[in-house]
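Shared chain: subunit A. Partners: subunit B in the first complex, subunit C in the second.
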Partner chain A sequence: MTPAGKTRRRNRTGKLWRRVKRYRFIYLMTLPVLAYFLVFSYYPMALGIYNSFREVKLLGAASFAGLNNYRTIFSSPVYIQAFVNTVAVGSGKFLLQFIWGLLLAVLLNEVHRKAVRSAFQTVSYVPYLLSWSVVGSIWITLLSPSGLVNGLAQLFQGDSYRKIVFMSERSHARAIMIFTGAWKDSGYTAALFLAAIISINPVLYEAASIDGATRLQQIRHILIPSIRPTVKVVVVLGMMGLLRNFDQIFVMANSSILDKVRNLLYLIYNEGIVQFRIGPASAAACVVLLATMAISFTVRHLIRYDQLS
Partner chain B sequence: MARKSSGLWRRNELTAPQKAVMWLFLLFVGITTFLPMWNVIVVSTTTALESTRSGIVLWWRQFSLEGFQYVFSVCKLGRPFFNSFLVTTVGTVIQVFLSSIAGYVLVQRDLPFRGAITSFILLTMMIPGDLTMISIYQLNRDLKLLNTYQGLILNGLISGFSILLMRNYFESISYTLSESARIDGASEMRIFARIYMPVSLPGLATVFFMEYVGKWNGITIPAAILTNENMYTLPLKLKAMILTTSSVSGTAQIPDNAIMAAIVISAAPLLIIYVFAQKFLLAGLNLGATKE
Partner chain C sequence: MKKILSVLLAVTLLTGLFAVTSLAEADGGAVRMLVAVTGGKDAEEMALFAQALGEATGLTIEMEKPADYNTTLMQKLSAGESYDLIYLNADMYMNLVQQGALTDLTDFISASEILTNNVPPSEWEDLKVDGRICAGFNKRELHIVVNLNKVMLEAAGIDYKAVEPTLDGYYQTFKALRAANGSPDFYPFNTVLSQNWDLQPWMSAAGLKGGVVADEDGLTYVPYATDAAAPVWEWFKKLYDENLLDPSSFVDGTGDMRNKMNAASRLTAVDVDWAAWVGLHNANAAAGGVSTQDYEIVSLPGCRTPEGAYRLRKGSASLFAVPVNASNVEGAVKVLEYFATQEGGLLLSLGIPGHDYTVDNDGNYTLTEIGASHAMDHGAPVPIYTGFVNPIGLNLGVEEALTYIDYAGIETIIANENDYKSIVGKWAISMVRGEIGIPEGLAAMRSELVAMGICQK
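Moving on, here comes the complex of A and B:
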């Protein structure tokens, strides 16, 4: 290396050092945040992956297990059933929430009195703010033998009605999870859609109505195409959340309906933390993580492809 | 008026039968959303005897606050409420402070390694906390954080999203302003506190209320690190209460009015925030969708 090159390099590192020194206070400010993420975000992630390849025993040292944990979960009927439950409840909830939210937004847009519209919006948004322990408790109580739902059914069917203990009825279990899930989140979906609908340029409707389009045709051919970006956002959000529904099942599941609604995250929690079978549970968590990433990647890819065409 | 009578404008309305269907649907949605919540409010403020009267309770026959008394005296809801309030408030305040600092760091244009720091922070948004639950449990066990307030506050203390939100707020502030202040000899702390903070109050409020709701509702972390009932937060306590009631067995141990009172108490802080800070809260929640 020529002497000139050496000096240039020394100058450059010297300059970098000077810049780093100038910002030393800023670095000091960042340190706690970076340390936090390292300990509470990256480390657990790495530990989870590491544990999924190990056999962790209650007593004695853990040993390397290769792919054994993965083999265990893929051949375990309990895990497979949890997967089926996750997809059944998750996709059902997403579909209902999507349709309910879209209809609510489109129809609220037709309500011209502002007070009525915002009353509807406010009320439908509240369940989204509440935690699953609140929403779950509300519905468990409403669906109990002395609850509102049985009361209404009795009102319509008369005295011959036999009360149903909804929460221990295996045939109703998934439907209840789907309905309450959509009940909680559709107001939020509607709010997202409504925000997109309101920002549509009214000139478009006027032009269409001059051309003789009815309101329904305007909704079909102007409104729906205009909110496509939001539809995509809602789909991506829904797909990413589909496999990760811990809170609802944690609060609402009980022993009589468990095999119908127990989903992957709830099973992972039970196996890993309560039963202390860390290896298989970590492996399952890794699979869910990979699946979530794959789904969101695929959906995003499809959407991008869709945008190009 | 003139607009309504012209044929052109009438075509911009749904036809009468369509409107009828529309109102039917809205009525249905309105009732299914509102009725359950109204039922909760009425039952929570009635007597235990009244609340066991099965069926449709949508108005008071006897107004009473004994449900609220019951949850505090018999179910000991005071402690969980205090726990939730403490960890949520302390956690949120620290989070707002640290998020704004990190956001401030990320807008320093000439900062060496800024790109690396940004990626390091934003990549954490890809790690879902609920999927690392088991490791979180192990970590907290090793750090002796199980069943402690520190554990409840520390886990999930900062989020990549709130930092991103603050960064976006700070980016709207002219960089030359802080640069000239720096040349005039102002310290970083001073620039941060005197130039960035005041302009970003709406951003701070957004992060505050959004995270407050999120932490108040959080159940994954408490479920993972708490076994001691004295440390239970409200969501866990509510879950434990509901488990011992009529849902499965058909015989109620805790009267319905007390359960409903506990629900009202758990939801009240959020409703207060929703009413008084709606603007900030919704801004944050709706931004959450666009981050994807």
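Moving on, here comes the complex of A and C:
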């Protein structure tokens, strides 16, 4: 390095150090947050990655296992099936939730009485606040042989009606998970869309109205394009959560439909927590992490997320 | 201000020091226990239970009872935390033995007069893995029996003792019950098919044992998945087709089934449950003011085997094991010994003296209001000690249910029991619903069990 280069480097370091010194209290205030993430997020993640290459016992020394844990999960038909289930249920739920949420937001926007709109919004948002143990139980009861759905069917079809045990119907299993998942979370998606919709400048609607645009045309040509940034956010958030559905399956699955809905997180729980096989469970968790990152980056790139406006 | 802080710090340090000293004061040292079902019903009673156990054993007992037991156990052990006793069920036991995480207690047990004399040798045999025993008992496991609503049976003109112990005999009973009760929500028979832990009294008709067994060549197989089980699965299908089996059996858990059997709902008349539940149903009904004229559960041992006996199953073991990093193995064994005595059995069943029950000068035991609400269960409704005598007496119906215990045997402990139940349950439901023929369903069940490494053929 030339003397001039060395001087420039020294100046840059000095400038950086002076800046750090100047804002030292602000940097100090970020330390707890950094420590929190290091201890509760990055350390467990690093440990998980490390364990995925080891044969880990609950007690005693672990040994290096190379790629054995990864071989185990990639050669297991149960893991492959779980991956298919995860993607099928996850993407189905996301699509339905997206459409449902958008529709709900547009319809709510058409309600002009504030009290009515708030009431509808609250009712649609409440399921999102409830845990899956509550929501799962509600749907299991509604779909049970003595539940509301069978009751209504019996009412229309009479005593000849043979009750359907929906939660044991293998052909309906994924659809039920998709529907109930979307039902629970669409209120949240609708809230995001509605926030974007109500911030649209009303002058645009007025101008369109003067030009003779119908309400549907206004929605298509003003509302939808205006909420594009929010759509991008919802898509990215949805894709990041695609592989991370555990509670619903844990609460609602049963033996008869398990292999149709058992997803990767459920399998990881069973492998790691129930059967104490930490190595394969860690490897599967790493695969979920990598797949989530890959999906997120791809989707961000495809929808040009960085150009939010 | 500085002075106040200094005083506070000194007090804190001294308190900690005294706490440590008090731990070290007990003769046998301290024993740390991680428990799931044993102890009190709330934090206050847990402390009382630990105190009572400590006073009885001369140990300082620390007990933790986490809500999410499996997760907590896994996290604490993998973090290297040291416990002297951890609660395990049978499949957890197998997993941890295979990982070398448990202390071999074989020598401790053979050296202990209490453990060898007070616990039946067959119970120890069931725990052996490669000749080693790595746990002691939390309680004595009872067996399953057929529970029947006596009042409903009588209304259908049936004396429960006259029920023919065959599949057809029970089929006729269910038909009579259905004819006597036309309610659309009532089903004469209920089971937990998805978890299939309660099928043994019916599989007995084909002489089959549950779980995994080995043939004469040492190859393991699942009897419920063999063609010999076909007549029993046909019977289940017939019950479903004729509305005698509750269709919710495909998805219901054990709790749902019990709720349908209890006095409050009476939505079913026959199910299979642990012997203790005969008494619990009756006790709960009595506590709710329901007389035996209106509700009484009785028991039968199910179907006869082709040889003319019965075949029931005992529950999977409920155990306490000593992790390899335990610091007080002797103390842990002392606790296991205490649990295998009359006094230990009283603590585990009736509960804490003076809190759950009282004893008058004549030696009569009386449950307190709290004790009555705990239904004589503080981890072991029936303690492991063979000579245990419950001074309060058994709940109505339990004595009769216990007479069938000689027909009961334990299933082989397997590490992947959840996979076993899930696969058997899935194909059983498909066969019973008629989605797949019985021979094809059994072939598919066998094939999946082998593919999952649960059995060899």
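Assume the second predicted complex is superposed on the first by the 260 of 309 C-alpha atoms of A that agree within 3 Å, B and C clash if a C-alpha of one lies under 4 Å from a C-alpha of the other, contacts with A are read in each partner's own complex, and residues count from 1 in each chain.
Rule of thumb we're sticking to: a contact is a pair of C-beta atoms (placed from the backbone, for glycine too) under 8 Å apart; a residue touches a chain by one contact, two chains touch by 3 or more.
The model shown is predicted, which means the values in this text are computed figures rather than measured ones.
Steric overlap between subunit B and subunit C is present once the structures are superposed on subunit A.
Contacts of A:M29 after superposition: subunit B is touched, whereas subunit C is not reached. When the shared chain is aligned, no partner comes close enough to touch A:I295: not subunit B, not subunit C. Applying the stated contact rule after C-alpha superposition, one finds that A:I273 touches each of subunit B and subunit C.
One of subunit B and subunit C touches more residues of subunit A, and that partner is B. Of the two partner chains, both subunit B and subunit C are touched by A:P145.
Legend: residue contacts after superposition of the two complexes on their common chain; A:S255 is shown touching both subunit B and subunit C. When both complexes are overlaid on chain A, the residue A:M45 reaches subunit B alone and has no touch with subunit C. Applying the stated contact rule after C-alpha superposition, one finds that A:S168 touches each of subunit B and subunit C. By the touch criterion defined above, A:L108 lies against subunit B but remains apart from subunit C after alignment on the C-alpha atoms of chain A. After overlaying the two complexes on the shared chain, residue contacts for A:V235 are found with neither subunit B nor subunit C. The superposed model puts subunit B in the path of subunit C at one of 110-118, 128-136, 254-262 or 398-406, which is 254-262. The residues of subunit A shared by its contacts with subunit B and with subunit C are 140, 144-146, 154, 163, 165, 167-168, 254-256, 272-273, 278. Contact residues of subunit B toward subunit A in the complex are 8-9, 11-15, 18-19, 22, 25-26, 29-30, 32-37, 39-40, 43, 52-57, 98, 101-102, 104-105, 108, 110-112, 117, 120-121, 124, 126-139, 154-158, 160, 163, 187-189, 213, 216-220, 223-224, 234-236, 238-239, 241-243, 245-248, 250, 252, 256, 259-260, 262-263, 266-267, 270-271, 274, 281-282, 285-286, 289-290, 292. If you check the complex, the residues on subunit C that touch subunit A are 70-71, 74, 77-78, 80, 92, 95-96, 99-101, 184-185, 193-195, 246-248, 250-251, 323-325, 415-416, 418, 421-422, 425-426, 429-430, 433, 435, 451-452.
Taken together, the subunit A residues at the contact with subunit C in this complex read 56-60, 77-78, 140, 144-146, 154, 159, 163, 165, 167-168, 170, 254-256, 258-259, 270, 272-276, 278. Within the complex formed with subunit B, the residues of subunit A that make contact are 16, 19-20, 23, 25-26, 29-30, 32-34, 36-37, 39-45, 47-48, 51, 100, 103-104, 107-108, 110-111, 120, 123-134, 136-148, 150-152, 154-155, 163, 165, 167-168, 183, 187-188, 191-192, 195, 205-206, 209-210, 212-216, 218, 233-234, 236-237, 240, 244, 246-247, 250-251, 254-256, 265, 268-269, 272-273, 278, 281-282, 285, 288-289, 292-293.
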